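To keep things simple, chains are lettered A, B, C and D as they appear, and every chain counts its residues starting from 1.
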Amino acid sequence: MFRVTTWGESHGDSMGCVIDGCPAGLKMGPDIIREELDRDVPYPVLTRRVEENRFQILSGVFQGETIGTPISIIIRNSNVESDKYLKIMSRPRPGHADLAYRMKYGHVDWRGGSRASGRTWAPIIAAGGVARSLCSIRNVRVGSSIVELGGRPITDSNLRSEIERLAETSAKEEDATGGIIEVRIEGLPPGLGAPAFNRFHADLGHGILSIPGIKSFELGSSREAAKMKATEFNDPIRVKNGIVAPASNRAGGVLGGITCGPPVVFRAIVKPTPSVLSFQDTVDLTKMENATISTEGRFDANYTPRVLVVAEAVSAIVTVDHLMISGILDHDSLVPRQERLRYDFKT
Amino acid sequence: MFRVTTWGESHGDSMGCVIDGCPAGLKMGPDIIREELDRDVPYPVLTRRVEENRFQILSGVFQGETIGTPISIIIRNSNVESDKYLKIMSRPRPGHADLAYRMKYGHVDWRGGSRASGRTWAPIIAAGGVARSLCSIRNVRVGSSIVELGGRPITDSNLRSEIERLAETSAKEEDATGGIIEVRIEGLPPGLGAPAFNRFHADLGHGILSIPGIKSFELGSSREAAKMKATEFNDPIRVKNGIVAPASNRAGGVLGGITCGPPVVFRAIVKPTPSVLSFQDTVDLTKMENATISTEGRFDANYTPRVLVVAEAVSAIVTVDHLMISGILDHDSLVPRQERLRYDFKT
Amino acid sequence: MFRVTTWGESHGDSMGCVIDGCPAGLKMGPDIIREELDRDVPYPVLTRRVEENRFQILSGVFQGETIGTPISIIIRNSNVESDKYLKIMSRPRPGHADLAYRMKYGHVDWRGGSRASGRTWAPIIAAGGVARSLCSIRNVRVGSSIVELGGRPITDSNLRSEIERLAETSAKEEDATGGIIEVRIEGLPPGLGAPAFNRFHADLGHGILSIPGIKSFELGSSREAAKMKATEFNDPIRVKNGIVAPASNRAGGVLGGITCGPPVVFRAIVKPTPSVLSFQDTVDLTKMENATISTEGRFDANYTPRVLVVAEAVSAIVTVDHLMISGILDHDSLVPRQERLRYDFKT
Amino acid sequence: MFRVTTWGESHGDSMGCVIDGCPAGLKMGPDIIREELDRDVPYPVLTRRVEENRFQILSGVFQGETIGTPISIIIRNSNVESDKYLKIMSRPRPGHADLAYRMKYGHVDWRGGSRASGRTWAPIIAAGGVARSLCSIRNVRVGSSIVELGGRPITDSNLRSEIERLAETSAKEEDATGGIIEVRIEGLPPGLGAPAFNRFHADLGHGILSIPGIKSFELGSSREAAKMKATEFNDPIRVKNGIVAPASNRAGGVLGGITCGPPVVFRAIVKPTPSVLSFQDTVDLTKMENATISTEGRFDANYTPRVLVVAEAVSAIVTVDHLMISGILDHDSLVPRQERLRYDFKT
């Protein structure tokens, strides 16, 4: 119902997305998207490539409101240094998709990560801005936090110091690290999702596992679930002020794949950024012999913080899709049927 | 390309599936399905409901070979004791989908888990038999093992004793436990999957997270990834006998969402069976007041072993779909184009 | 949103469908389906195969109401005489799908039309019963009539006599004829459909062109459109009692692919039943030489009247899908959100 | 498998498409697209709006060959005169989608046809260039011709004179006319399509009926089918030089929805261009009272000739999709598996 198509390579002319299914009548200025894209690089100290993310809304919006047709957003790739890649084009970088792309496509764009680059998810961040606006119509909020960085637990108070420490040690060790993130979707109406193949958390997991660098999807207290007994793990059900709901949230907000009141909460593991200055073992494909590689491109010492905004965007997109499938959010939510013929002439 | 539609409730007349996209010319006797269904209850000591799983192939097969049309399989629900559920129908069982189903549907089949029951995945097990046959045409094999049960690590040698221990303690404690499983898909051709929204592991994760009781999907050594450095985690690439491939498999067989040679390996957490004899807190919906419940139905002390066969079936189905999308498996693999007109008359 | 999967061959054990997306709380007894299936053979004089269409609802309904899960319906193939086909199995029947099936599949079920038989659309007729019930919640009605039979125009008054005439001449001439049908969908809310690839009439056309024997889809007065001027063809727009609507309906109820008030009306050409007693030219595939064939199976002298009920069913199914996509029909239409928790306990 | 997403309004900044599923290794310069877009206005005498159709390929192509990732194409709307629409924005034009859009969306872009404009199909024409290149790999060719214009039959010899006559009379009468087109897809391998819901001609019909102004889809000699007897209409099957095929083509190239050798041929009715200078009846929505309208925008006296290139593009796109689904065209067709690792380094 709410579908995002993306296109673009990290070192091509531009990247973008087409959003199908957004109802008409949504207030939409560039700020909705600007705000999300500006969160793309939360800690510049961890990143060597900072883009200004110049974008344009090309269709689907007229006089500040969506018109129900596809919304096309384009983001320019302004800051492209692709020369560095020329000399390593025949050496697939370990941990990157280079080898897999050659195996699948044969002909590849060898400049940077191309289509596999995390950078190509900027259009998803932009689409996340639209999804977030739609979520807020039904008071659904998406938030996230870092749980672990480079093997060390993160809290609000040590976040900044840990990031500085990581930037330093990564530079010194010519290496990179990963982390764990947590996302919370709050305010979800009960009843989203379906019994078999459209379980809410499975659709969410599909989206999250599609993000470059993410290696796992863990719902609620799933890691504890493997060691707990049923009486410890099951969330008791209670009634309070006439509202029936689980009294705790080890399940992570879904039962049988269907939302039931509590926030949907999940964690995901982010692998270490594969690009490092240290020499790594690879193969030279022109000679078909073993070789080494040191990747000098621009990349992150740890991209866990940058994954947060992408994970939130994906969560918002999946949520809007389910809100629309369930009929909780539809075109009538924005422009009621009986007002439509004269909507444009209202004062 | 290879699509399985399922239907049926745990205490209804029957359950079944419709398999669309299976090429014509696949040898298919009932044994392909029988063999899989017989693995449904590997350790009867852990289960109180054992079905004989009587099934019938209703369409799509003629004279022992598929004919390319939808394959319909029906499984009878022979062993249905639904009376027990009558007295608890107004009390949603904690950890079950009961509450979520009422929130979503209003009118429910309150006998057993209905559509949310693990039992309704028997048709997927059956479809897995067909998928496995198709996999084997391209030498792809799916296997699995139990990694942890009730919080204790499992090896080949302690599996049986741990299961007996669990059966005993569960009965005594009137409680249930969970575990962790691992699935391996071997022999996969490189190049399956796509960059953005059809990453091989994301599609796999979607299927696996759809299985009742499964709470996580973790690719390769993902849990270690959060604590490792890039130089430790990245799999080196090497050439050997003219074959270029990763020399280790921490990535779990995919790079950038695309298979690249090594087996695809993942783990998944199975939560404790929610139904236990012990009293748990719930609500009586007729009176809208707090209440307790002790579930007397037939259920498992730990259903981790039963999840294995379902996880294998789902993995085989997702794999066949990707083999077909990539053109590696198609109708020509079974009945070459030039033989078709006279295929039925060959001697 | 409302999806029907079908399975079954004309001479197999049975046929059936799985309906996904039907909201919970729809009153549904077997009569809804019985009534439609009984319309399958409106004029037995034209048909040599009359089935009793024994069916069973296997899932998705509990205590006389749908529960929101897939509805599985099975129809037995009671009256199967397949021996006649044994002697013509190597001779593809002209006008039938026999040749195309061999070209595509190689291995085929050569008994009757197999999957290509109009008979395999009985499950769609059954699903149409469910769709019609859902349509009626929003006062949408689907009706149809015969416009032409064997080249002669049909009215209410000459229908029966023309059918008797056709039955007679077909028997005498050992030949068969076709016709033209018209379907009307009334009471449609405006706004169904979308600008580009989900135009209401394109989705409808897709469904209608999928029906065996149907060769065209013509919207509204489309045949006249080719010869008319814009000022003759355009429907004037008028306001009456505060309602703005087209004052005529040459467009057939949609503008730009979107419903706008008037009934959606279309015509479709039905080809002559291909099976006839007369000898026709074909090939013997075992010898790969020219041959002739006279088809002795059971078939219709003219199946135009039987196509009516299938075309209505398809129209109702497409309409329900669009009603649900547009949010005009959803689960809340049947069981309001606030009543769900206690819906089953109401008195 | 081969999917085209489009976006853009006729008077917005630009329009475009995203092509998913094009295999890597397809030679692709701008000429492939240029050539198709230049066919957009074959007879300028019939049209008042002539765009230069400036376009750019933004992604999916590197060093002159596709790389398997989404191909994004943008077309600028250079020639936009939208002032004329300001004064008629409250008066929906008869025969246009204006009224339907207001009923569906409420908030609309009232400049020109917006998303409903035939102009927004330029991106499909561009995508058709890519599809045509893919078709030619398998020797499939798509061609078309005008059968009737303004009610008069068209042949190669009278085409130009009839067009001039139409341009003249339309201007004089301040009116517009329609026509009938025929499309032929030649060289199709047998076996494309599927028995039930993916019949080749139904998918084709869906695409064709989605084109603005097209009112019907008629396969083969379908119009004659309604009046013929089976023995007249059925195509005899013959063997010649070891090839079994229908010896005539009244069926239009498909049997049971599956291609069987002969070209797929269909006709479609094009309605008269709705915009005319003559006054037509409509409603003023601000006052909710009857009114008249004379449309002064730039439009065609008869857009039948312009529909040809769109219908060809849609036919090529649907065909490529079916070639890929059937495994007849896949990535291996362009870059064989064993050459992929070193494909970029070949000399």
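Just so it is clear, a residue touches a chain if its C-beta (ideal position, glycine included) is under 8 Å from a C-beta of that chain, and two chains touch if they have at least 3 such contacts.
Small disclaimer: the values here were computed from a predicted structure and weren't measured.
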Two candidates, A-C and B-C; the one with more touching C-beta pairs is B-C
Furthest chain, CA centroid comparison against subunit D: B
Could you work out how far the Cα centre of subunit C sits from that of subunit D, in whole Å? 27
Distance from the CA centroid of subunit A to that of subunit C, rounded to the nearest Å? 43
Distance between the centres, which are taken as Cα means, of subunit C and subunit B, whole angstrom: 36
Residues of subunit B touching 2+ other chains? 6, 69, 103-105, 115, 191, 195, 244, 285, 288, 331, 340-341
In the complex formed with subunit A, which residues of subunit D make contact? 5-9, 12-16, 18, 20, 24-25, 56, 58-60, 62-63, 65-72, 74, 89-90, 102-110, 114-115, 285-286, 288, 331, 335, 339-345
Flag every residue of subunit D that touches subunit B in the complex, lowest number first. 1, 69, 189, 191, 195, 244, 324-327, 330-332, 337, 340-341
Would you tell me which residues of subunit B are touching subunit A in their complex? 6, 92, 94-101, 103-105, 113, 115-116, 120, 148, 150-151, 173, 175-180, 190-191, 193, 195-197, 199, 201-203, 205-207, 209-210, 212, 215-220, 222-223, 225-239, 242, 244, 246-247, 251-252, 254-261, 269-276, 278, 280-283, 285, 288-290
